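One chain, chain A, appears in both complexes that follow, with chain B as partner in the first and chain C in the second.
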Partner chain A sequence: MKKKRILCVPLDPVHDVGIKIIRNALATRGFDTELLSPDLPMEEIVRRAAAGSYDDILVSRTLGYGVAELLGRLVDLLDASGVRDRSRVILGGKAITSELAAELGFDRGFDEHSHVEDIVAFIEGKSSRNHVAVVEKKKPDITAGYSYGVHDRRIETALDEIVEKLLRWSEGKSSPGVQRARLRQEMFSDASGSRKEALLDEYLSLSDGVIVDAFRRNVMPKGVRNVSQGELQALREMLKERSAFRPVTLRHSGDRPLIFKFLGSGCPVMDLVHAKVCERWGVDGFLLINPSWEARYEGLLEGALTHQNDGTVTSAENIRLVRELLEPSTLLTVRAHRGLNTPETVVLASHGGADMTKIDLVYGSLGAGTDPARLAVDGVEAIRLAARFKMPFDIPGNDELSGVPAWKTLAGLLINVHLGTRLGARPILKPLFCYGPHIVINGLMRQTFVDYNAAKIRALRAIVDCPIWTGEPIAFMTQTEDRVQSAAATSFHAALGTALKVDAMTVASTDEAYSRGPICIASRIDSLQGIHEAARFMGMAGFAPTAAADSMTADMHAKIADVLDQVKSAPDLPAAITAGLLGDREDGAYPGTFGKGTVG
Partner chain B sequence: MIIGVAGTAKNTGKTTTLGTLIQTAYARGHLPGVTGIGYDGEERDNVTLLPKPRIIVKPGMIVTTSEQCLSASTARLRVLQHSSTFTALGEVVITVVEKGGLVVVAGPNKIADLDRVARQMQTLGVSELLVDGSLNRIAPMSVADRVVFATGGSRSTNIGRLVEETLAIERIFRFGLSEEDYTDISGIRLVAKDVQVQCASSDFHSVEDIVLALRQLPEGLAGIVFPGMVTSDGLAALCVRLRNEEARGIAVVFDNPFRLLLAGEPVRVGGLLEELEDLSIRICYRHRSELAAITFNPYYPAFDGTTYRAAYLDAAFGRSALANALSTPVIDVVAEGGEALYAKCFGNLPVVTSL
Partner chain C sequence: MDGLDVETYLVCGSEREGKDLALRLGHELNLGEVDIMFCEFDGYGVRVRLRKYIHRPGDPYHWLKGPGERDQLA
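So, the complex of A and B:
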């Protein structure tokens, strides 16, 4: 087959790097290419194009003031010289869109985000649409390939005993949360009118007045209202207009770590607008975060609901809406462990199509305010449900933020992992990359932020074969109100996570810590751009923790084992939590009181 | 009848001129067809991001757009034909307007394709076809019988310079058709009474081609035919050579006025043509389009180095300066409406009352 002849025309004496890269790529693919020098007068370019017999003419030019007319004249000259009867003319450069290429009369336009493969495909006639080389993102499974085997015999023995005691303790116990979860499942599966009404009556008899008012009197909690059909329609219309999905690739190479962001503006419509922008910036998944007041009430609302303050209301409709409008490859996880609705949230998350959920029996009782006994009963049921629905669950170690030492927090995570594994679920460890109070007070990161964070990951890996997702978000308590500082801090922590080969990480926007209200999209992009640059800068290189990291790791490992031995000696997990074995008042952790006395 | 609406630059008022012609035709009971040589009708300018005039079409009109632009129109369009002509926005489709509204016009972007699509539209019954220009592009307009040139502040904020350039454009369109039929030739041809010398055969006549050809001038030279593209430097070389020859009375035949407009800055090209005329050389074309009118648009996007904002020249002064200098009608369609422009484009087509 005859080689295609390509003429490469840089029209810009400064920005001719792009076309040189493309020329090289085409040459290596066997095309017969010719590159003109960038300082030729237009008439000379046309003369050369007319004299040769080219299949395609690639023109490179960055758009700027008056450039459109210059490009229009070139196209006209090529047309008037008969060149366009035999050659296609393709334009590439910054800010070039398909519309502009069409307006200028080019056969195709490629911008700075186009891949060489797009151009090659067009030249080879393999496509007739722009941006055809759409990234086909596949939905990843964070837990794939992990055995959950415990490498440390002493720790394994302790975990076995702790979990055994917990399951024995919880056997036969129930709570309004567990009962509502069962009713919800029945309500979702049983559509008949009278039975459904009876189920709802029963459900509301187990719910607080604020939830009953919403169902029976259509009086919503303060600041909550239904999303209107018009708002939903406008959202769908807006998202329908989007062009082919073509995200930024945040990682420099490989498929890990996955990058997650929070959603929880209060409004699912705003959440989705943020999410769609973040998807384009390469985000792999989102965590749907509920309002803090929701945790205090028995029962959950129904419908597509918007809330005027932070925290998006947990409802099957809200989850389904978010899930439906995200890209199919994007992961969605729904926070369940906070408050009195843990098992029910797992049911709604599954029904709404979420991929994962978030359950931590220890943190939920220490940092998130739920009575340890109630959360133990609810948590066991929630993990069973997660296993049945095949939803992995992540276990955030955010009790460290209260001042709990890392080894106690990590011991708590390991209890959840072992319980989850025992119940047939797929848990995910979520240690913090943070500058938490215990670290600050004890000067553990005085020398560097690298060693102690690395020690957490190394210690966990030495103990169990389990996926690690650093959270939540990374760089917690290192960020300030300054956007540049905040993005830089996130980027460095992301680079460390990448070097440590973690499976995923949650990243904050640069205004998240100090926004005192909704965060803005630009700040979300700040941190993503930072991560992108950090990944590019680091590439395949890594961090080199100092020798101190080795002793920190060993110390962490030993202290985790000690904590687990202490918990093993307690009558059961709720008793251990109440006794402060996984974080005490001196640390800054207080057992929660929501739902106290509701376990029966 | 095919009417091209061309511009000397982006934002000189092509879309407004086109819209005025559409509305005037419709008011007179006609349904003009609309195509374009690029992409037009979008809400904001692709370069300046400033708001743009939109194109409103009426039921029954036949318009072209592209597959990708179909959904961008508020008018309801039914595809009549796929043209097999492709642009950066997909295949050009010929549609009929079923419900009036805004439309994004996309059309063939080169001469041969526009010629083919125009024929397809005429076969579908379009007798008045409007061709929407794009930026400063003019090459495909050679398909048009008549052309309206839009100029204004976006081309230059110096009204003296605008007048000078528009005069040069008018000069280029002034020349008539060749008496001889040179339709089928390609490459520079030297014509004498008994002999014809065929020189370079490319459609692009470089300075070197011209110089080489002029070295072979035969005895009894009667004409030189340039069927392809000539640059202003080539024209200058022609002037130099013919200045030293006894060329009085010979004909120099160019392909069409658009190719001469593309030869270089119109003022320079106009000056070189004047020099040839001063040598008593007869200039004519193989194909000709008429210059129907000039429209003047005082608007221009002022650039502060970062963003664009809308700004305006003195409309009355600009229009009268052009009108005083030119013999072609100068029309401000926003101030004067479309009747005079329509008459210059289509003549006095009867008013139809059955619409």
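So, the complex of A and C:
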């Protein structure tokens, strides 16, 4: 069979790399190809095209100045010389859109996003294949394979004693939060109508007036309203119409780290469309973040609810709605780590189908306002529930954002891990990749952001065999309101996390530093694009922390051990928190007061 | 100085529809002819960047004129 003859024309002063790649691909496939040099006069190009009797003429153009006029002239000359009667003329390149090619009368146009295979397939008369990097996504278990063994004997002894004292202290104690969690479980079971009403009466007797008003008088807290059935129906239909799922990955190789984003716009409908778009751009999971006011009230609302402020209302219906409409492979965790509803939130999260939750007895007191004794009682119950529901829980190290030194924060995380392990749960360490106040004041990242972040991970790994999920989000306090800077900061930190082989990361949008309004979806995509590029750039390569990282790691490890020894000497964990052993007023940490005096 | 970019995400059913919506947005913003610099469809909509050139190289530059002339133009 006669070989198809193809003329390749770089219609450009210099750029011919793209068309050379295409020419090579065509030559490999057996086509008879000829490549002209760049910057030939148009008349010369037309003369060569007319003389050669080609089947197809490929024309590439990179520079966009006056491109329509230039290409229009080329088409006219090719028409006038009779070339168009026997050859197809195909246009491609950075300056080209398929619309422009069609408008000018070319047989086909390929833009800068087209793949070489698409062009070859067109010339061969075949349909182009799907080039999307499709991956089969399965729901992962972040905690799989970890033993939770403590490698450092001195630290293990301290943790054993701290946890033992805490469990002894909490024995026989209860709180309205613990009681409500038990009532909720019964309410979710098959209780009869009259029994359910009695349970609700009891539940509301343990709740604040704002919650009672919502249940009994349908008067919602300010700005909160029910999502209408019409809105829910329209949302479901919209998502169904676009349900052909195209999973992609943000990783260049391997299956870690998993990438998480926050959801908490205030509205579950907005959360869901953001989540669905982010799934398409490669996100593996989401954290449902509740409003800060929720932490101050005893009791949680009911129903699919939206409000026009930061944080999405915690209700079984909201959680269930989000879970139902996410892809089955996408992970969902629900924040329960602070406030007066910690164990109840774990019950709702499980009932709503969430995969994980978030509990932290130390940060919830020191950085998030809850009385240490109350959170200790509630936290122990919440962890027991997480173990029973087989929900791993993560422990955020956000105390650092108050100014608490990293070693005190990490000591707090380790206490939570040891408690969780003791109670049969599967905890996840969540140290920060941040530029926190203590780091800034003491110049710990003056030389590089790499060393100190790496030291935290190395120190934790030297102490315990536990999954690590850096957050929350990575690059906290390094991002600015500039979009490019923010995406770059997130991407560099994501690359560092990948190189350090962490299990998961929470990542910000490029709106991270903007605090005067909700996050927009375009900003979420921007940071994901950046992370994707960083992963591609790094591949299997790593970072090389300086020698300072070694001394920082050793120092961190030793100071964590010292802090845990001090906590061990305190009467119990709430007393240690109140005494400032895990962060004091000078560090910017204050034991919370919500729920003070409610432990009985 | 030279260009005005509009970056957003448009909910739509295809890249073609996304581009049409983007061009319509440019007209509704009274930008006249705009270029679509970037447009990627993900199934739910397009991440898109539109550009309107205000001053191309070689144009009479508004920002080089004196304050009086600028006011007149405004």
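Here are a few things to note about the model shown:
As a convention for this text, the second predicted complex is superposed on the first by the 462 of 600 C-alpha atoms of A that agree within 3 Å, B and C clash if a C-alpha of one lies under 4 Å from a C-alpha of the other, contacts with A are read in each partner's own complex, and residues count from 1 in each chain.
Convention: a residue touches a chain if its C-beta (ideal position, glycine included) is under 8 Å from a C-beta of that chain, and two chains touch if they have at least 3 such contacts.
Model, not experiment: these values are computed from the prediction.
Within the superposed three-chain model, A:Ile525 lies in touch with chain C and out of touch with chain B [touch as defined at top]. In the superposition on chain A, A:Arg108 contacts chain B only, with no contact to chain C. In the superposed model, A:Asn226 lies in contact with neither chain B nor chain C.
Looking at the shared chain after the overlay, A:Arg84 reaches chain B, while chain C stays out of its contact range. Of the two partner chains, chain C is the only one touched by A:Lys276; chain B is not. Which of chain B and chain C touches more residues of chain A is settled by the count: it is B. In the superposition on chain A, contact of A:Thr448 is made with neither chain B nor chain C. Overlaid on A, the two complexes show chain B and chain C touching the same residues of chain A, namely 97, 99.
Contact residues of chain B toward chain A in the complex are 9-10, 37-40, 42, 46-47, 66, 68, 86-91, 106, 109-112, 134-140, 202-204, 206, 228-229, 231, 233, 258-259, 262, 303. In the complex of the two chains, the chain A residues touching chain C come out as 97, 99, 113, 241-242, 244-246, 273, 276-277, 280-281, 520-522, 525.
The touching residues of chain C, when paired with chain A in their complex, are 7-9, 11, 13, 19, 36, 40, 42-45, 47. Touching chain B in their complex are the following residues of chain A: 43, 46-47, 50-51, 63, 65, 68-69, 72-73, 75-77, 79-85, 97-109, 128-130.
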